[in-house]
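The following blocks contain the structures, represented as structure tokens.
Common to both upcoming complexes is chain A, partnered first by chain B, then by chain C.
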Partner chain A sequence: MAKSEKLLDVRGLKTYFDTDEGTVKAVDGVSFHIDKGETLAVVGESGSGKSVTSLSIMRLIPTPPGRIAGGEMLFNGQDLVKKSEREMRQIRGNDISMIFQEPMTSLNPVYTVGDQIAEAIVLHQGKTQKQAMKMATEMLELVGIPEPAKRVKNYPHQMSGGMRQRVMIAMALSCGPQLLIADEPTTALDVTIQAQILELMKKLQNEIGMSILFITHDLGVVAEIADRVVVMYAGRAVEEGDVVPIFTKPKMPYTMGLLNSVPRVDKAAVHQERLEAIPGNVPNPLYLPEGCAFHPRCKFAIEQCKAAIPDLVDSGNGHMVRCIRWDEIQKEQAVVA
Partner chain B sequence: MSSMSRADNRNPNATKPLLEVKNLQKYFPIRGGVFSRVVGNVKAVEDVSFTVKPGEVVGLVGESGSGKTTAGRSILRLIEPTGGEVLFEGVDVTKLSKNQMREYRKEMQIIFQDPFASLNPRMTVGDIIGEALTIHRLAKGREKEAKVADLLERTGLSAAHMRRYPHEFSGGQRQRIGIARALAVDPKFIVADEPVSALDVSIQAQVVNLLQDLKEEFGLTLLFIAHDLAVVEYISDKVIVMYLGRIMEIAPAKELYANPIHPYTEALLSAVPIPDPTLKRERIILQGDIPSPINPPSGCVFRTRCPIAVKECADVVPPLEEVSPGHFKACIRRP
Partner chain C sequence: MIPYIIRRIIHLIPTFIGATLLAFIISQLVPGDFLNSMRLSPDVRPETIARLEQSFGLDKPWYTQYFLWMGSLLRFDLGQSFSGNQPVSAVITKPIINSLILVGISLIMLYAVAIPLGVFSAVRQYSVADQIISAVSYFGLAIPNFFFAQVLILCIFLFRSFTREYFDYNQLILPVAQMTSSNYDTLTAFGKFKDVLWHALMPAFVVATSGIAGLTRILRGQMIEQLSSDYIRTARSKGLDERKINYKHALRIAIIPFVATIGALLPGLIGGAGLVEIVVSWPGITPTLLQALTAQDIYVVLGFLIISTLLLMIGNLISDLLLAVVDPRIRYN
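Up next is the complex of A and B:
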């Protein structure tokens, strides 16, 4: 086996849902890897397959209707697809943990937050209830909750959204995971609270050294937190690379379009009068366009784009692009500039 | 279309405000005990005053719970304000009877955040858009149908969509339907409460552009409520920053973003993530959360989170002072 720092290596993952109307190919051949200690952001619009990707890694896809239809997910070299439910439970409690967009739905309203964090510690680390409660208080302190000894006795509804997300982070980190999957953890929060949570996640990653898979639809958040980025569209990765080249030299027309369509506060004084919107709608997953799924919305599309699904190719330095015209487009852009 | 005659609303010399909000207040009583007595109040809007000129787009921003929606709904009298005045073309609509109010309802419309929840799933798109025309007896039969078709085309849909139902449309398209419905009765004033917040980034841009086009075309006057400061900057002529039921700062849009005066505005702007990983910024990270509006802090309501607060900030509520033409701030420490 090749020696590498890869913590997770997802290869050709396919996750399908069999519905009454047909098979939804929610994730259709997605590949990416996460190195030890790095933050990989997965960005895309709603329905692009971000959450299904993360739930697949956790093996939490509801079956039926869902199923992992192909691919492998090597975690420390071992394929998660082949693990039994019992083995997965072990991995979920100890090696990989996950936080979600809406902390309220993942916290139990009838137990105090202390009890909930302690329960996980007792279950997975074999501590006594008393030791676990002490650790729970320390975890709350670690995630920056004021007066942790008091707050540990609070019920979730007695806390604000930002505090509940801190509790979720405390719970997720209590087992000392190697990988933290965060699915839109700041989407429901105010920008001020989002800034606090992002700061906290960066700090904790520095201290603990875990890897983070950060899922978001917000390019601003990606720029802030990611080392590398995967851009998803209609169930496929369409561009992948280090964060700076993805933002400064995007090569896939969809990524370019997304970057142009976001209004920016720092461009206040110089902004143009109109945003460059991407025309059309996000495609219906049951009726994906033939060939490149982005072609009906792509201003660079040609007849050939409809012929076959473009491969994800290395455009140099590991900057991956799924577009048959990326090279030409780049030259065109250079002429325009 | 009769609304075209309103293009002159955009005349910059038209200084007479269309809307004047004076000391608006809205408390929600909290009841408790066996007799369901009022034991306290949620002071959602404490003291809000501002003006909107004809043809102007005014942005309203602030964290969740700062009172934006409550202010917007009180102005339209979708909820009854507790105090203050709302002068629409000089008439205080808060004093009007239900009957008198009907005439004003047509002039003041609302666009909602959630394009999924705000459209009746059992009505066709044509009926949804045409409903207000019938209620206000503005058009019927062929004339109504022509008007609806025209609105659909103008909002980037097509006349053929008239007979379809809301579930057949995407989020962005439903928001267009919501906009067409608000425009149907040629209102003079529209409150748009987070109209693009629920939409995907690429679709958000489409709807922002549409609103901008309609602003030009219809001379729309808009109160645009949003979380997203970047979107607000794009569409607004003037921006109001609210916190805990009060106004912290008002300024022409460009000026507010280039030159924020209030520490709260500064912090809000600094928290907005910018899609540029090469940018190194000094962040102001506010500590804690917005306090409860049941017992807001004395003096300056922002003082519990303000990085530059001093003892005096607890004593009096800072007045909203004009520092340069059209630029107002409520802070005793920032000149």
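Up next is the complex of A and C:
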């Protein structure tokens, strides 16, 4: 592959919410990048800040109470944080678009799906309503909806969840975005439909050549779709790298815990002793533990872990880890094995 | 849709019979009848009274009177007015039209003012403007219509004293009584229309106030709820501007419950117009109805009752039809 080009480079993003109880640091210094044409998965438990990260990129954080408190997000070299609302409106739905977890409620119930897809086309591509409706029909065909000419006149309530998610994808892709943000797009769907939607996204990515930021807490999905992974914990990236190294040789104890808590097909049953959930709960974002936020739940934790927030360091080949003991732990693991 | 409408009308028949029966019984509970004053007058001979009793049907028991009246209703005849000796329909038509004009204008004002205000306060939630709108709304809800009308009349007079003093302008900026000017008959059709509209402005606004206040409050709540919903997030992620998001997407859904209640609003507004009509001498339903009640001109009262019930039915039908227009989820079920 030619030298990869960065499409989006998020550096030290901080998104805070000012609530009555105090400032919630939902995202606190997250950095990652997405190359052109690649798929980056963001994984982490509920509340780790995945959705807030994606909404920050779209600059759709409700303000107040939310605000982007720091960092930069370079999209094609231009900082999205510095864009005006007007400039952002030209980017949303056009250069960066988004699909969401809730296909049942993400479409407006009183407009036809065709109208809703055409709306973005008219807005960004300056087409007439008629041309846009024709393109909307073509988009429905592209995302594999049967009888698109008829379906384009349907209202959302006349479609199943899987179909509606296809409509969302059609809408998101209608203007040929460079980046598609998918926030748990398959979580609300049943397993067969999930597989179909993932298949569709992969196929369309190849055709359109866009990058995908794929948010999920389902590691099975990550293995299937992503090139690289960012693991998030309590508003920070704790491990980042190519999918294969992270799945086979995770270096951060939290990632190990995540991987141990799901059944794995790639590991023979003998190797994987038993499934174990990570003990404890995700910390309350208002009262994050001192130092490494994971230390109360980490079986490798030592006194020093509480002293300072560990840096995200390169453990070799761009495999980033936020853990002061990753080196020792790796050796320890090797001895055990 | 048609079978549904027919079913709705059939359901209304028992309601209708019940309402008229109740009204009839209540009218009988009031001691005496239309001929009371004549009976007490020494100038009227008993034979005359008896003749009148017979011609009005007042000599028969009340239930016979009721059935006779229902019988004529089936022939679309609302009966005779005792006073003035003319058909009830002739007595009530003009006042009903006049009231509808007033209510129609206030309905337009209601929506024209309340919708932008409701959207604005939802979008600027907790801003100073939102809080001022809230405060004024509570005032609008609390102040009785007839009193508010008098306050406005006073203000208009005070304003005239002011303009007379400083600008040598000795006219009221808005008419404060009647429905037409004295030169109404000489005006062109368009001039007549403008004249009535001009006279209706102040009373229609008074009638609309509590509705404006209520609708603004409720719409604000509806809008706030809609604006935090998922499909609005989708609309934002498409790059739409706030105007489109507020009006095309959120309001379109927030307004649905109001469309559903237009029908119920109509009789409420007609009722609300009542005392205002008296304060500004608007020749509408209420003054005529009060007159008929005092005179115990029972069929005129019942005539108003029937027409109001019909209006209610029509209003409900209209809102059901409109609801199907604005909400595809209903249309396709």
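Criterion: the second predicted complex is superposed on the first by the 322 of 337 C-alpha atoms of A that agree within 3 Å, B and C clash if a C-alpha of one lies under 4 Å from a C-alpha of the other, contacts with A are read in each partner's own complex, and residues count from 1 in each chain.
Definition applied: a contact is a pair of C-beta atoms (placed from the backbone, for glycine too) under 8 Å apart; a residue touches a chain by one contact, two chains touch by 3 or more.
This structure is a prediction, so every number in the text was calculated from the model and none was measured.
**Student:** Is the arrangement of chain B and chain C around the shared chain A a clash or a fit after superposition?
**Tutor:** Fit - chain B and chain C, as placed by superposing on chain A, sit side by side.
**Student:** Pick one for A:Glu276: touches chain B only (first), chain C only (second), both, or neither.
**Tutor:** The answer is first: A:Glu276 touches chain B but not chain C.
**Student:** Once the two complexes are aligned on chain A, which partner has more residues of chain A within touching range, chain B or chain C?
**Tutor:** For chain A, the partner with the higher number of touched residues is B.
**Student:** After the superposition on A, what does A:Ser160 contact: first (chain B), second (chain C), both or neither?
**Tutor:** first
**Student:** Under the stated touch criterion, which partner chain does A:Leu258 make contact with: chain B (first), chain C (second), both, or neither?
**Tutor:** first
**Student:** Name the contact category of A:Lys130: first (chain B only), second (chain C only), both, or neither.
**Tutor:** Touch status of A:Lys130: no partner.
**Student:** Is A:Met171 touching the first partner chain B, the second partner chain C, both, or neither of them?
**Tutor:** Second partner only.
**Student:** Does the superposition put A:Glu119 against chain B (first), chain C (second), both, or neither?
**Tutor:** In the superposition, A:Glu119 touches chain C alone.
**Student:** How many degrees, to the nearest 10, separate the directions from chain A's C-alpha centre towards those of chain B and chain C?
**Tutor:** 80
**Student:** Just checking: does A:Ser97 make contact with chain B only, chain C only, both, or neither of them? Give me first, second, both or neither.
**Tutor:** Touch partner of A:Ser97: chain C, not chain B.
**Student:** Across all Cα pairs of chain B and chain C, what is the smallest distance in the superposition, given in whole Å?
**Tutor:** The answer is 6 Å, the least C-alpha separation in the overlay.
**Student:** Taking the two structures together, which residues of chain A meet both chain B and chain C?
**Tutor:** none
**Student:** Applying the document's contact rule, which stretches of chain A touch chain B when the two form their complex?
**Tutor:** Counting only chain A, the residues touching chain B are 45-46, 146, 160-163, 190-196, 198-199, 217-224, 226, 243-244, 247-248, 257-259, 261-266, 268-269, 271, 273-279, 281-282.
**Student:** Write out the stretch or stretches of chain A touching chain C in their complex.
**Tutor:** So the residues of chain A touching chain C come out as 58, 60, 88-94, 97-98, 100, 102, 105-110, 112, 119-120, 123-124, 155, 157-158, 168, 171-172.
**Student:** Touching residues of chain B toward chain A in the complex: what are they?
**Tutor:** Interface residues on chain B, with respect to chain A: 63-64, 170, 172-173, 200-206, 208-209, 212, 227-231, 233-234, 253-254, 257-258, 267-279, 283, 285-290.
**Student:** Would you mind writing out the residues of chain C in touch with chain A in their complex?
**Tutor:** These residues of chain C touch chain A: 229-231, 233-241, 249, 252-253, 256, 326-329, 332.
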